[in-house]
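As written, the chain order gives the labels A, B and C, with residue 1 at the start of each chain.
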Amino acid sequence: MITREAVLHVARLARLELSESELERMRAQLDAILTYIDRLKELDVTDVEPTSHAVPRVNVMRDDVVVPCLPQDEALRNAPDRVGEFFRVPRIIED
Amino acid sequence: MTEQPIHELTEAYRRTATTPTAVTESYLARIAELDGRIGGYLTITREQALRAAAESDARYRAGKPLGPLDGAPLVYKDVLCTRGVQTTCASRILEGFVPPYDATVVARLTAAGAVMLGKGNMDEFAMGSSTEYSAFRPTRNPWDLARVPGGSSGGPAAAVAAGLAVGGLGTDTGGSIRQPAAFCGIVGLKPTYGRVSRYGLVAFGSSLDQIGPFARDVTDAALLLGAIAGLDPCDSTSLEAPVPDYVATLSRGVKGLRLGIPDEYFIEGMDPEVERAVRAAVDVLRGLGATLEKVSLPTTRHALATYYVIAPAEASSNLARYDGVKYGLRAAGAKDLIEMSSRTRAAGFGAEVKRRIMLGTYVLSAGYYEAYYGRAQKVRTLVRRDFDTAFGRVELIVAPTTPNVAFKHGEKEDPLSMYLNDVFAVPANIAGLPAISVPCGFSAQGLPIGLQFIGKALDEPGVLRAAYAYEQATPWHARRPSLPS
Amino acid sequence: MMEIVIGLEVHAQLLTRSKMFCGCATTFGAPPNSQTCPVCQGMPGSLPVLNRRAVEFGIKTALAFDCRVNTACRFARKHYYYPDMPKNFQISQYEEPLAEDGSLDIEVEGASRTIRIQRLHLEEDVGKLLHEGTLETAQASLVDFNRSGVPLMETVSRPDLRSPEEAAAYLRAFRAVLVYLGVCDGNMEEGSLRCDANVSLRPRGSTELGTKVEIKNLNSFKNVKLALEFEVRRQAEALETGERVAQETRLWDAERGYTRSMRSKEFAHDYRYFPEPDLIPLAIDRAWVDEIRAGLPELPRARRRRFVTEYGLPPYDADVLTQARALAEYHEQATAALRRAAPSLTLGQAAKSTSNWIMSELLRVLPADDEAAVREAKITPSRLAGLLKLVEDGTISGRIAKDVFQKMFASGEDAQTIVAREGLTQVSDESALAAVVDQVIARNPRALEDFRKGKTAAAKAFFGDVMKATQGKANPAIVQRLLEEKLSKI
């Protein structure tokens, strides 16, 4: 059973503001999905290596070479709030 | 002109029976006429398309076309970055985002002379199975406008099925090419993980995502795959294996080919018409000389659960960057950064995306990692082992693509019931294997049914060849939806 | 009795040409947001590709600190939200870092200690934030992503340091190795080397760790020492009055001289680490490690030892001379040149001579750790040797030599030229000097009287007068002898 507190905590970690109505609906839906996912516990995974990559390669690296980068204008073009050569953001409060 | 598949179209260009510009204009006219009802496109790049078509014209006139795709008018799912053209992933949070670069697949198709008609609609951030989760508009199934085209690549699938593009690109993380291909009666292929570069594909499930073609027939799918596949230094997960000529081996036939039918893909509750059509297809294959045997993939019942841990986990991470700072939507009037980001994300993401972000954040959070994500990665190994065992006895697996046919808009409101659409598609993503869906019949109500072939890693040639043999022996690929004009 | 327990986390920017995961340049000081691309800006659809040289530099450093380089090494995503982090996760390392279990020896007040290094790993740097005002008062902040994606190497020591002095010594020694290896320029003002400290107190003899406080913004050796001294005092006072020390992060405010609370570490960040799916794990083979090991330069510790054993230099000299690679090389080159110029000198004599002059004169005009300045000094090692040869063979006196040194440093001319031009050759002509000595003695009957009465200090005055009369050019040894002879006869 995922609790309301847990949902609020996760929402904070995910930077998602949820309304009151969303909160309960989300809690119920997550609960149902997590219950479905619980069937994974049926399997015996002792001594099973995790697969984090389906790719049979190792040591994929590149040479230390400088490549032309984006012109400043293009780098800033999508900025929601651009000030001169910078992206501007509202004040940062440590949380 | 908009009826011909690519391989006939570019042949017609060479014979000067028609020109890229004429065909592109026909497609654009058809889009103008019909897409209002279908909703396959989010952006139509008219000027760009006509410019590219004109350049293609010139090449054909000079007798120097770039190849079999030169002048082919295509649609790209709006999850692929296109330089100078808005790329939204059907989300409000990326509305107005104009990438300064092309995805590798887009660049490769452009280099092959393809013409981009526009960007296709999708479920927001590729999360969904019906395209109902697009923030901007729904897409309607050309075979029955009251029904969904499938998802998440519903826009390109519907466009190709409705003759609004000759082919296109979609993405498949948990069935999102194959399921819409099945619902829309066209061909859809998901390559082996790493076969096609993900550079420029807006990430959803990084270890699962693959880009693949939608086409009217298997030959076109092979042509499109050949143009986009291959190592990309910009994608560390792309494979070094050389790209074979996928068209050359299409007509090898299936004589002597050992096909496996998995017990677990015929489940209770699936649509009996789907089962019937797939079993009939199996008979056709037998008639063509393939041998069929039963195989068992016991972890199938766990593959979906595995998917719904891994994909949301990776998604929650990949979507953390959407915070109103550098691009896209920014909520106004916030007093500080945290409030701004939280409000931006709350306003910019739809319900399904939020759900998956929450789920993904939860399974990665302290104390839960081992129980969920850690365990899912291990089950993933078990899923792969199942396939390895089966491929010890057979060369390809044949199965239904989906348990059902296209459902009505609004029918699947419960998220979990929506997820169950992907139960036959997801295992191939979990195992990173190539898989294709081809039409294999219609329901009594005239809705398409899809047949799926799954192959060993890098066996796209095998998957394509079996699909081709089946296609050529059946009438399904020639059928078109009758659209009111 | 309380015991201080300190651990240091050092972040070093690696001297690669391009960034960690993309080909953007890493040069410092470019116009804001002019050195970025979709990858280091975290644009949708971008993917990282690992820089081989960054891994090489990491392995090199790991070997220099006697770490075990792991064969299996992978990257992980570390999640937290901050506007200088484009993806809101940092690609770092978690469970399989590049290297572990090394050590670094430090010396504080003659006592040598081994400080253990727990781990060394690679990650990407974040962008720069500018605040309109201060972080607290600013209504908005500005972001520059040029620095985002620059390769960083993080090294974490075990909490083996027992005093602020030791912490500063560790940082100094650590930095020296990195600069020696050429993997980092060690510039703390520009931020290419950054240090955070974890400090706690516990009763002496206890093996449990006390509540740990993280101190950030230690941007110089001096500040490391001051900040830690303050923090130790603060914690000690708190514990004395029975208060609990909060587990938190504090910022060192150099201007005001205190640490202040930044955020509470009670609610530690949940970084939600998981293996980076966009990067393939590394399988570092031994052949590559061995190749890198073979290419390691002589490290400060080894070189210091060699200066003592091979050149016979006192440990103090060896310490000063080996603190920076360019300086140590300067010494060796100057010593070799001096031996060639004055073959009668033993290796030890030549080495001590050059050592003295480097320590007293060269380091007065050049900062020891300014590699470029030392390498480009106009007074090259062979020129210094040339000067010392003139002193050695009596051409000029030591005192004159010091002046010549200054002139050489400024003009880049060699000693011979200057001495010849200004007629600084030492006067060693005995009869000439004897005459001067006689004159000086004759001119000063009062001092002579004092000398006869037993005030030997008067001899010093005579000496000084002789030097003045010869504009400092008299050979001091000869003057001294002549004076003694003459005075003893009077």
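Note that in this section a contact is a pair of C-beta atoms (placed from the backbone, for glycine too) under 8 Å apart; a residue touches a chain by one contact, two chains touch by 3 or more.
Treat the numbers as computed from the prediction; the structure is a model and nothing was measured.
*Asks:* Mean of the CA atoms for each chain, then the mean for all of them together: which chain is nearest?
*Replies:* Taking the mean of all protein C-alpha atoms as reference, the closest chain is A.
*Asks:* Please tell me whether A-B or A-C has the greater number of C-beta pairs in contact.
*Replies:* A-B
*Asks:* Would you mind pulling out the distance in Å between where the CA atoms of subunit B average out and where those of subunit C do?
*Replies:* 58
*Asks:* Any idea how many Å lie between the Cα centroids of subunit A and subunit B?
*Replies:* Inter-chain centre distance comes to 23 Å.
*Asks:* Between subunit A and subunit C, tell me the centre distance in angstrom, where each centre is the average of that chain's C-alpha atoms.
*Replies:* Taking the average C-alpha coordinate of subunit A and of subunit C, the gap between them is 41 Å.
*Asks:* Any chance you could list the residues of subunit C touching two or more other chains?
*Replies:* Counting only residues that touch two or more other chains, subunit C contributes 38, 41, 49-50, 81, 83, 141, 143, 270, 272, 277, 279-280.
*Asks:* Quick one: which residues in subunit B touch 2 or more of the other chains?
*Replies:* 97, 100, 207, 233, 236-237, 320, 323, 325-327, 337-338, 341, 361, 365 - these are the residues of subunit B that touch more than one other chain.
*Asks:* At which residue positions does subunit A touch at least two other chains?
*Replies:* 13, 15, 52-53, 55, 57, 60, 62, 70, 75, 87, 89-92, 95
*Asks:* Given the complex with subunit B, which residues does subunit C contribute to the contact?
*Replies:* Touch list, subunit C to subunit B: 38, 41-50, 77, 79, 81, 83, 86-89, 141, 143, 270, 272-274, 277-280.
*Asks:* Under the touch definition given earlier, write down the residues of subunit B that touch subunit C in their complex.
*Replies:* 80-81, 87, 89, 94, 97, 99-101, 103, 198-203, 206-207, 233-237, 313-314, 317, 320-321, 323, 325-327, 337-338, 341, 361, 364-366, 369, 373
*Asks:* Residue numbers of subunit A touching subunit B in their complex, please.
*Replies:* Residues 2, 6-7, 9-11, 13-18, 22, 26, 29-30, 32-34, 36-43, 45, 48-57, 60, 62, 70, 74-75, 77-81, 87, 89-93, 95 of subunit A touch subunit B in their complex.
*Asks:* Where on subunit B does subunit A make contact in their complex?
*Replies:* Subunit B reaches subunit A through residues 96-98, 100, 193-194, 207, 233, 236-237, 239-240, 299, 301-302, 305-306, 308-309, 316, 320, 323-330, 334-343, 345-346, 349, 351, 354-355, 357-359, 361-362, 365, 372, 374-382, 384, 414-416, 419, 431-432, 457.
*Asks:* If we count contacts the way the header does, which residues on subunit C are in touch with subunit A in the complex?
*Replies:* My answer: residues 16-18, 22-25, 31-38, 41, 49-55, 81-83, 129-131, 135, 138-145, 262-263, 270, 272, 275, 277, 279-284.
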